[in-house]
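Scrolling down, you'll hit the structures one after another.
What follows is a pair of complexes built around chain A, which joins chain B in one and chain C in the other.
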Partner chain A sequence: MTKTTNQKAWYFVVPVVGLVAFNALIPLMTVVNYSVQETFGDNVFFWEGVKWFEEVLKSERFHASFLRQLAFTGMILAIEVPLGIGVALSMPRKGPWVSVCLVLMALPLLIPWNVVGAMWNIFALPDIGLLGRGINALGIDYNFTQQPVAAWMTTVLMDVWHWTSLVVLLAYAGLCSIPDAYYQAAKIDGASAWSVFRRIQLPKLKRVLTIAILLRFMDSFMIYTEPFVLTGGGPGNTTTFLSIDLVKIALGQFDLGPAAAMSLIYFLAVLLVCWIFYTLMMRNEEQ
Partner chain B sequence: MAKISLEKVKHSYLAQPAEPEDYALKQIDAEWQDGGAYALLGPSGCGKTTLLNIISGLLVPSLGRVLFNDTDVTKIPTTDRHIAQVFQFPVVYDTMSVFDNLAFPLRNRGIAEAKVQERVQEIAGMLDLEHSLRRRASGLTVDGKQKISLGRGLVRDDVNVIMFDEPLTVIDPHLKWQLRSKLKELHKRLGLTMIYVTHDQTEALTFADQVVVMYDGTVVQAGTPVELFEHPNHTFVGHFIGSPGMNILPCEVENGTVRCAGHTVQTASSGRPRADARKTEIGVRPEFVRFDDHGFPVEIVKVDDLGRYRIVEVRYADQRVKMIVNEDLAIPSETPRISFDPAATRIYADGWVVN
Partner chain C sequence: MRIHKWLVPTLYIVFLMLPIYWLLNMSFKNTNEILGTFSLWPLDFTLANYRKIFTDPTWYNGYLNSITYVVMNTVISVSVALPAAYAFSRYRFLGDKHLFFWLLTNRMAPPAVFALPFFQLYSAIGLFDTHVAVALAHCLFNIPLAVWILEGFMSGVPKELDETAYLDGYSFWRFFVKIFIPTIAAGIGVAAFFCFMYSWVELLLAKTLTSVAAKPIAATMTRTASTAGYELGLLAAAGTLTIVPGAFVIYFVRNYIAKGFALGRV
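Up next, the complex of A and B:
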């Protein structure tokens, strides 16, 4: 049997290629363009090779914000994932409370980033905010606009408040999909509650947790609006995460070359971590 | 191992059951002997899984008692009942090896590792799993996984009863047969009480010594496969067991004579239905209907040739009757007449047999 060759079907792909080109490829290539050249405006460019990349990779400022970023993402993952699983485990599986819980959980996810930032800013202000005044009333000196530790804790708490729900909802969906027979078999086998969690629930949650961790990693690694509104990156530079730093360089100092190089390094770092994590999680999956 | 008795067990999934229809199990009294192979047979929704879960302790019945060896276990949790259950879909602990899966129930009960090794090896041998003990359980085929589920029940030497909840539903047909013979063999070898829930009459009749037929929350008949075939107590049993099922024809009983669409019929029932019976019928299996020149005239509707025999569907008045005719018997072409074997024809009043 001979195969008929007809390449006309490719025309159907053209609209998608066009769309992707406009929203991803062209902007990305513009950044690549800036990252290897120097410009003084007026569309005049000078070739600089990998100079900006070297500069960024050697810059202490970049190292510092990169480390801050890693610490922040590590902290929120370490809090949100176990907390999310815990909340999902304690949510009712049936009855009228299911929808109440789900709506309550979904509420924080519906609030825009800048509103969350503004809310928490006011909430945590030591002189007028409920949280800030409350903590100070307990006799603890708390002022997130001046103390780095307080600023960090407030930022982390805000992110936990905003995004733990996502992990909860994903984990809850995963838990609901475990057939009753598993729990019944575990009872018959005399498994303890811990064994049920370790041997049944956690393995069955693996896929949804992989997705949850990936989403939370990407989102938190690229976080901008909430800390910007809450602390503005301060006090000093203590909560200046990568994207805040990037915006300062690109739009504040107008150093387009280094900013473009930093964007690409940033992008590759996110991509690399996601790829490694996904490969590790899925290496034992069958077919 | 244990004798299992159910005393006036009733169960409703509603909090405040009032009507008999609110009960998933209407009233079950049963006694199952130690070492027996029982099948619970019935259509979907008849309450057989509910009954199984009551025996295993996953459900506490609304009313009544469950006894294991005359000890009341109604309120005892599943873990302490020493039972094993195999579910419709194989349940394996994905992240553990086959060995660890089989050892899991023993390790949970704090049994010494040497004993665990010995038991697991022994059971793996019985189930032909010795070569996959080191593999991850999630990599096995469905029937392999189902064997693990079964093995987890067999490793414990204190199990009172092993229960199977339609365990072969997801297994390929040719493996179904193998696994069923394996079950039968294990039953002979280990002498364990086994209860097998199914809606498939072939599975029930080949596996069990005693078949309990359930319908609409009640046990309609319990007996050996032969009893169920020859003496169905209820039209449901007659219809559900046998292929094709029993012919059930409306009839009138007047002054001791049974008339079916105007023809007098002789039956094995010497009694007569109570006067207040809403519905009287006669039941006769297709095997006991034959062509007879002295019978009543019928019209042939359809003949299905199944090789060794034919299933002939005939009609008289507005009734249809199925009959099994051996291949060596001719089917009369003109004015066929049929009769029912009186010894195998019974009267049923409101579904229940009249003896």
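Up next, the complex of A and C:
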């Protein structure tokens, strides 16, 4: 759509900018403030410069949780995106089952995150949980509260359970927008199912999949509540992702300086990736 | 081939329903049965857990608190996002693209980063432990999302609609309220759904900004879990009840949900 230039449009945006700025800029400035100062309590602060940033960037603890976070995000994207596309492709396009499928699939998305964690906790516990009992009954020794690998797998499985539906719904919306004529043409040409997917469906899905990957990247990078309730970051530190580590430092140890510096580095990392995505997305849109 | 096609969604839905079923199953058992025996369905069926939640004010007030701030947040987010989304979809103005991206960046801010400063900010302005505090705090990520969704839907409405209305002598606000808003009603529904969803599921900020008077149900659950030992049955019942409002809302928007998840611009 061609847009007309009109500076008065700013009046429409002012309430949004005001509300969001109030919530974003003041807390952000507080964080920036802490990140360059040292305090011994009683509201006495000393200027420290970039000391905390250097400390965080050099600390092995930060490296470890950052790597864990990257591994987790990479893993869930690698599972959720193909799985979501697969489920969306095999869903019915018409008929009464469509609503049933959509409602049931969207259900996990609307469960409060701590309930998701608690639910998976009692589902996977080896003594009282269906999953835990089931796996042990197969002869595999499984206890996610003690085995690092099991804890990691359970957390990934929980996230797949929780969020794959988002990819399904997005991909399904994309598929529904493909006109029937495309499929008929492909049929006349005798195209195989694979080439229909490769040449017709996948290009049409590009846009919605970008949104899906972007949303999943942002949300999984910020994940806190679900693994915290499920495993508490353990056993040891195996499932201590960035947010969990941050809250431990900020509210557990009350090390405001390092926590603030870590917050900013963390925020900038998310921002950078999203900016690259957003720029690519906008470039595609203009073409 | 046809059977094969049914198989994938069915298996997927079964996978989704299993943990929910297990939660439901637990909620009808008493603690002794949960810890003592393993059974696929409740052997000693009891409604005691639900009775406790509906009669104990600390429990049911949690639900009321959550719903209060979620509804407040949805109303605030959608009503301020409407004019802004209109501006983004119709006009070019100084800094529009940067502003749009800046709004989206707030959707990317990890709540863990903001928890402590939020607590200090809302304490300083005297709103700590009120519903308004949580409703305003959730605006941080819900307003950008609402603007994004509504902008998508509005861009789908041809500009000729606006121009025809002005030719017919409508003033801007009369056009906006009488013609434009009904035209994008589906988009408003979807935006409201998303705001409801993200405000309902968020816990970290809601917990940080409240202590007693506006304590959300999710926080009631975590505190009970840590203080009163391990009352699993009660916890399961409370968890099951948190699914109900979500299920209710999904049912209403089921026809728009697919389009809404694509943010209106497939």
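Here is the rule we go by: the second predicted complex is superposed on the first by the 260 of 287 C-alpha atoms of A that agree within 3 Å, B and C clash if a C-alpha of one lies under 4 Å from a C-alpha of the other, contacts with A are read in each partner's own complex, and residues count from 1 in each chain.
The working rule: contacts are C-beta pairs under 8 Å (C-beta built on N, C-alpha and C of every residue); 3 or more make two chains touch, one makes a residue touch a chain.
Please read all numbers here as calculations on a predicted model, not as lab measurements.
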- Touched partner set for A:Y224, first chain B, second chain C, both or neither: second
- Item | Greater chain A contact set [chain C / chain B] | C
- Return first, second, both or neither, reflecting whether A:P179 touches chain B, chain C, both chains, or no partner chain. first
- Task: Using the touch definition from the top, say if A:L166 reaches chain B (first), chain C (second), both or neither.
- Result: second
- Task: Report for A:R199: first if it touches chain B alone, second if chain C alone, otherwise both or neither.
- Result: first
- Query: Between chain B (first) and chain C (second), which, if any, makes contact with A:A191: first, second, both or neither?
  - Reply: first
- Message: A:L271 in the overlay: touching chain B, chain C, both, or neither? Say first, second, both or neither.
- Response: second
- Shared chain A surface residues [contacts with chain B and with chain C]: none
- chain C residues touching chain A in their complex are 4-9, 12-13, 15-20, 22-23, 26, 34-35, 38, 40, 76, 80-81, 83-84, 86-94, 96, 99, 101, 103-118, 120-121, 136-137, 139-140, 143-144, 147, 155, 158-159, 197, 200-204, 217-218, 221-222, 225, 232, 235-236, 239, 242-243, 245-247, 249-251, 254-255, 257-259, 261-263, 265-266
- How about chain A: which of its residues touch chain C in the complex? 1-10, 12-13, 15-17, 19-20, 22-24, 26-28, 30-31, 86-87, 90-92, 99, 101-115, 118-120, 122-123, 127-131, 133, 161, 164-166, 168-170, 172-174, 176-177, 207-208, 211, 218, 221-222, 224-225, 229, 242-243, 246-247, 250-251, 256, 259, 263, 266-267, 270-271, 274-275, 278
- Item | Interface residues, chain B side, partner chain A - complex | 53, 56, 58, 77-79, 83-85, 87-89, 91, 93-96, 104-105, 108-109, 136, 138-139, 149, 152-153
- Task: Could you pull out which chain A residues touch chain B in their complex?
- Result: 179, 181-182, 184-185, 187-192, 195, 199-200, 203-204, 284, 286
